[in-house]
Amino acid sequence: MRPSKRAPDELRKVTLERAVARYAEGSCLVKFGDTHVLCTASLEERPPMWVRGSGKGWVTAEYAMLPRATLERTRREVTAGKPSGRTQEIQRLIGRSLRAIVDLGALGERQITIDCDVLQADGGTRTASITGAWVALHDCLAWMRARSIIATNPLKDHVAAVSCGIYKGQPVLDLDYPEDSAAETDANFVITGAGGIVEIQGTAEGTPFSEDELLELLKLAKLGTTKLVDLQKMAVM
Amino acid sequence: MRPSKRAPDELRKVTLERAVARYAEGSCLVKFGDTHVLCTASLEERPPMWVRGSGKGWVTAEYAMLPRATLERTRREVTAGKPSGRTQEIQRLIGRSLRAIVDLGALGERQITIDCDVLQADGGTRTASITGAWVALHDCLAWMRARSIIATNPLKDHVAAVSCGIYKGQPVLDLDYPEDSAAETDANFVITGAGGIVEIQGTAEGTPFSEDELLELLKLAKLGTTKLVDLQKMAVM
Amino acid sequence: MRPSKRAPDELRKVTLERAVARYAEGSCLVKFGDTHVLCTASLEERPPMWVRGSGKGWVTAEYAMLPRATLERTRREVTAGKPSGRTQEIQRLIGRSLRAIVDLGALGERQITIDCDVLQADGGTRTASITGAWVALHDCLAWMRARSIIATNPLKDHVAAVSCGIYKGQPVLDLDYPEDSAAETDANFVITGAGGIVEIQGTAEGTPFSEDELLELLKLAKLGTTKLVDLQKMAVM
Amino acid sequence: MRPSKRAPDELRKVTLERAVARYAEGSCLVKFGDTHVLCTASLEERPPMWVRGSGKGWVTAEYAMLPRATLERTRREVTAGKPSGRTQEIQRLIGRSLRAIVDLGALGERQITIDCDVLQADGGTRTASITGAWVALHDCLAWMRARSIIATNPLKDHVAAVSCGIYKGQPVLDLDYPEDSAAETDANFVITGAGGIVEIQGTAEGTPFSEDELLELLKLAKLGTTKLVDLQKMAVM
Amino acid sequence: MRPSKRAPDELRKVTLERAVARYAEGSCLVKFGDTHVLCTASLEERPPMWVRGSGKGWVTAEYAMLPRATLERTRREVTAGKPSGRTQEIQRLIGRSLRAIVDLGALGERQITIDCDVLQADGGTRTASITGAWVALHDCLAWMRARSIIATNPLKDHVAAVSCGIYKGQPVLDLDYPEDSAAETDANFVITGAGGIVEIQGTAEGTPFSEDELLELLKLAKLGTTKLVDLQKMAVM
Amino acid sequence: MRPSKRAPDELRKVTLERAVARYAEGSCLVKFGDTHVLCTASLEERPPMWVRGSGKGWVTAEYAMLPRATLERTRREVTAGKPSGRTQEIQRLIGRSLRAIVDLGALGERQITIDCDVLQADGGTRTASITGAWVALHDCLAWMRARSIIATNPLKDHVAAVSCGIYKGQPVLDLDYPEDSAAETDANFVITGAGGIVEIQGTAEGTPFSEDELLELLKLAKLGTTKLVDLQKMAVM
């Protein structure tokens, strides 16, 4: 029995609210149950150094948590003077996931930065971020097309992410915080609308896991991301 | 004529929404028009070094803006490795304003940290922060009393803040961003429920201002903070 | 009775000694009693980023204290890796105060940096800094005119600063450290030669203050800055 | 055809040289072809904060590259003031991998730090690090048992790591730098002696990959880590 | 011919003014011609970690230059976030030089910090600092004895420092800035009252120097430090 | 009797192994007994700011120790966020020593960076670094001449370094760690092939030393560096 009483293959209630930030070119408030992330997309005409002169653009992401998104207050990273290793891992993951479904050539020499700020955290903040970031990015690109900044749509596909894990011996979908802290194995999957795997990150917290368990988690993840992609489609309709 | 078509002595629409953060002991989403600040109060049993052994507690504040709270994306301060001078000025101001109406002895050797995170910025983020922070602090103290952590109420009064300025020669109340960027003089007032002045910070951006102008701004500020205190009273009723 | 036995409206002994730094374009050792600040003005032909191409120049200030300027040794800020919030507040204040009386257009695309280094601190270091900085700036501009770097004098007026406060219920002028640490209310005023207010920063340390008290402090401040401006005039004569 | 002319399921020449650092409790110079990593294990009696009082110990890792381990000189991370996101990801991965096969209770309240310093980098530095780190850790634990610091062996199993990828459409084992920079998909596997999966990190650099491709990579990884574990066994015999 | 028209073995005019800092336990404004350094000695009852429990004390030094001590303004080190390599070299040298003539056991578990702040720099700031620091340290120790904080005098000898160099082929004593920037060889000597060498740091800027040249420089240095020690004796008489 | 049983004027066993780093333009693994330093030379076409436009090049050095080069593990400097004062002193010394024997004009507007990474430390790491760095630099310049990047050889002479000290009253050559920690006086000498002194840094750890002792140390140093230069000649033959 899951603490939230959900079925093993049941997502939390997911909502994707668009246009929540007045000034951003695209934005989305994504909720996976009690995990709430505000995603904004910002267009910058100045691309990073490494694409200048290449004719291509770049999509990057930054991630942070408000100090009291969590059960206990977390110290701001600016106080430590630098983003933690965990923060850097997550923002690199979000950026890679989005770049997998964007035609950087069609974007031109520009950068889109997706900021994912966690307002409330109940597990799965990185997967919620990726799922919501796609909506913010979609709307930013639509904004650019409406202004003829780009001629064609650089968005090649959807991308969504979900965590799966083995909790009390049972493979389950979309772990919340109580499950996440107790799971034997925890894996994050980033999957496209077409069903291709973009990223898989699986970690055994206790006992190592077997190939069969990996396949069961992957099956749940495909189920979950299919639903998330459907929700993205409805959101931007 | 003000860009927002408000009367010179008219506040923007102000709302104070309580209990918006699931995990915080107190919280308030304050809106001054398009300026939105999420204020959370966090109780920590470990007070800062300088009050240990004194029997007294401490109230402090931290302030930050989401990168896309603003018209143009602002770089995260963690990237620079330290809070800017502006951020430090603001969080020191919020902390002092709140400590002015709290009996630190009645709090006991504990610390309450108020985090003010600006979700959207249209001028007056520091005054909105102080006004909303009072509500979050109030609810945190109520939470503590309900659990008998404190015996008496350390809250001595209300405190609210508003900016005033001279815009196109006219003293006006509660400047929004277009007014703030063009005002000749800009002043922030922090005033208690009893009408006492806690802080006054006035700056001539262009021509220095006269004593008479200062008095007109103060009059507007008293009007504004009286209304804000009324809204606080309704919010926590 | 004030600890220094001064009358309520009496400044400390103030001296302004020019040309104390062999290499600087302008310099002034300002003493407000036992508060000693060395102010130097440095001309740099490279203005900051934000004025390039505007035809205008910039005046900025930096502020620091020698470690043993104070009763107890203070740790150098370089050890912490960054200027404290207090330092940043003060150097921003000095810069704004000076820019209020300089015609930045007449300066041309250059920067003048005023360094205010506190050799000894007995309260009022920021107000002494502003008062002495004006002299250093004046001499730097004279140096530039003598070399025909600028055609007209960008200096529009004098500017001086003084602190006032309510000490044991009595409004007093120019607080020294013993008064400053015990005052109920502490306010800094920056006022031009023409009597215009450039900055007012008032803080209630204990009980909030009233409008009447504010006006009494302002009256003292005008008296004090008038005398300081007279001393500046004599110094540069 | 692979640039190195290896068969798709062929590891580079791997050597594990023990006791290469005179002062460390355990050490191993691991070579995966032209990738050379010096791994040292250091016993510290002071465990990190989070295990104090728990009766358990901790195993952690740090990772760095010499500036000229690479084709072009890489700037030292100390110059930037902090480890890069990539470095932090890698050292967190090494630490998790080792903790998966150590009984932290049997270690007692101590910490073992494994330093993995890359002397030469030709791809696969993180997998070589994990594989060599196991040997250094083994020898450190043997050193401790020889001195009766621990009564039982905390080492529960072997752990080794290898990268696999899809290079020109072909799944291949143990990518070197030329393959790694051109691979469509790149995955790192950390697998125990018993064949359990500890970590899997797969990333599509270009086209997303399918479940079948994932399974092929996993099959190669199992083959590779089985051989690496055999080499570890021979090394510590 | 030296730019200053001094004889090859002639010091600049040296003055040592005591008790220049109101709050410090000892202080000295030392001038070597146009090089002016303010040295203060601060007693701290808390010694550094590495002497705690040893019964011994510590003497340390910090060194900094005011931004406009130099011909061109120098950026504050706090702006860079850390002391430069040059600053660290100098403050380590001053500390070692002073510890060479202090009986750290007689000091007890305390620390004396000597701050050397260069108000004006015309070459030889480190040697002036050491020479003036001795006076500040002497007065601090006298202050401590007067208050019976220490029973015996920990000061074992004088210590003074001077630079020598080969300028246009001629060995000269006490280089000023024009000489220092053009000298082929530059050496700093720290020598006790008894004539023992505490430190010698010689650097060939152009052509390497010979043993004979080294001996000539040492001869000049002994002459110079003998005079400096005489001046210290007169200063503290 | 020296702990290593060497004669007072006996170097440790010194080896200079070339071409140890596959990717560097020049490299040398230098061993002074148990002190092992990996020196690599990296050619960069972009010279530092201060030589641009001068037609001259630059040679610089960086120095670091692996964490477990030492008896006890040393914390990485990146963790502290900056190189220590000791590290900066050493890398500045290595750079100056090399520049003394290079014709920077013949190098052209380029930079060569010598990285000295200490793999194992038993005293004398800076002197071993300089001695090995010369070989790496030599090979880098040979590599450049072979590719006609430079027309003439910028290398004017050899340079080598050795430490000497007074250990139990006896002047000895090439101190190892046990001697270094107990020596009364410790001096490092950097001497060219022609016998010119480039740097001398002598420090009395306990009793100050006399001129005669300095001369004895210098004599030993000349003997030692003569042998080291012979070893360099054989190494690059």
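General observations
Letters are used for the chains, namely A, B, C, D, E and F, taken in the order the chains are written, and counting of residues starts over at 1 for each.
Just so we're on the same page, a contact is a pair of C-beta atoms (placed from the backbone, for glycine too) under 8 Å apart; a residue touches a chain by one contact, two chains touch by 3 or more.
Remember, predicted model here, so these are calculated numbers, not experimental data.
Touch-path distance (fewest steps) from subunit B to subunit E is 2. A separation of 59 Å divides the Cα centre of subunit B from that of subunit F.
Subunit C and subunit F have CA centres that are 51 Å apart. With centres defined as mean CA coordinates, subunit E is found 33 Å away from subunit C. Touching of two or more other chains is recorded for residues 81-83 of subunit C. Circular chain order, beginning with subunit D and continuing to subunit F, reads D, F, E, C, B, A (contacts as defined at the top).
Touching subunit E in their complex are the following residues of subunit C: 21-24, 27, 34, 38, 40, 42, 44, 62, 64, 66-71, 73, 76-78, 81-83, 113, 115, 117, 119-120.
Those residues of subunit C lying in contact with subunit B across their complex are 81-85, 88-89, 91-92, 96, 100, 187, 191-192, 194-204, 207-211, 214-215, 218.
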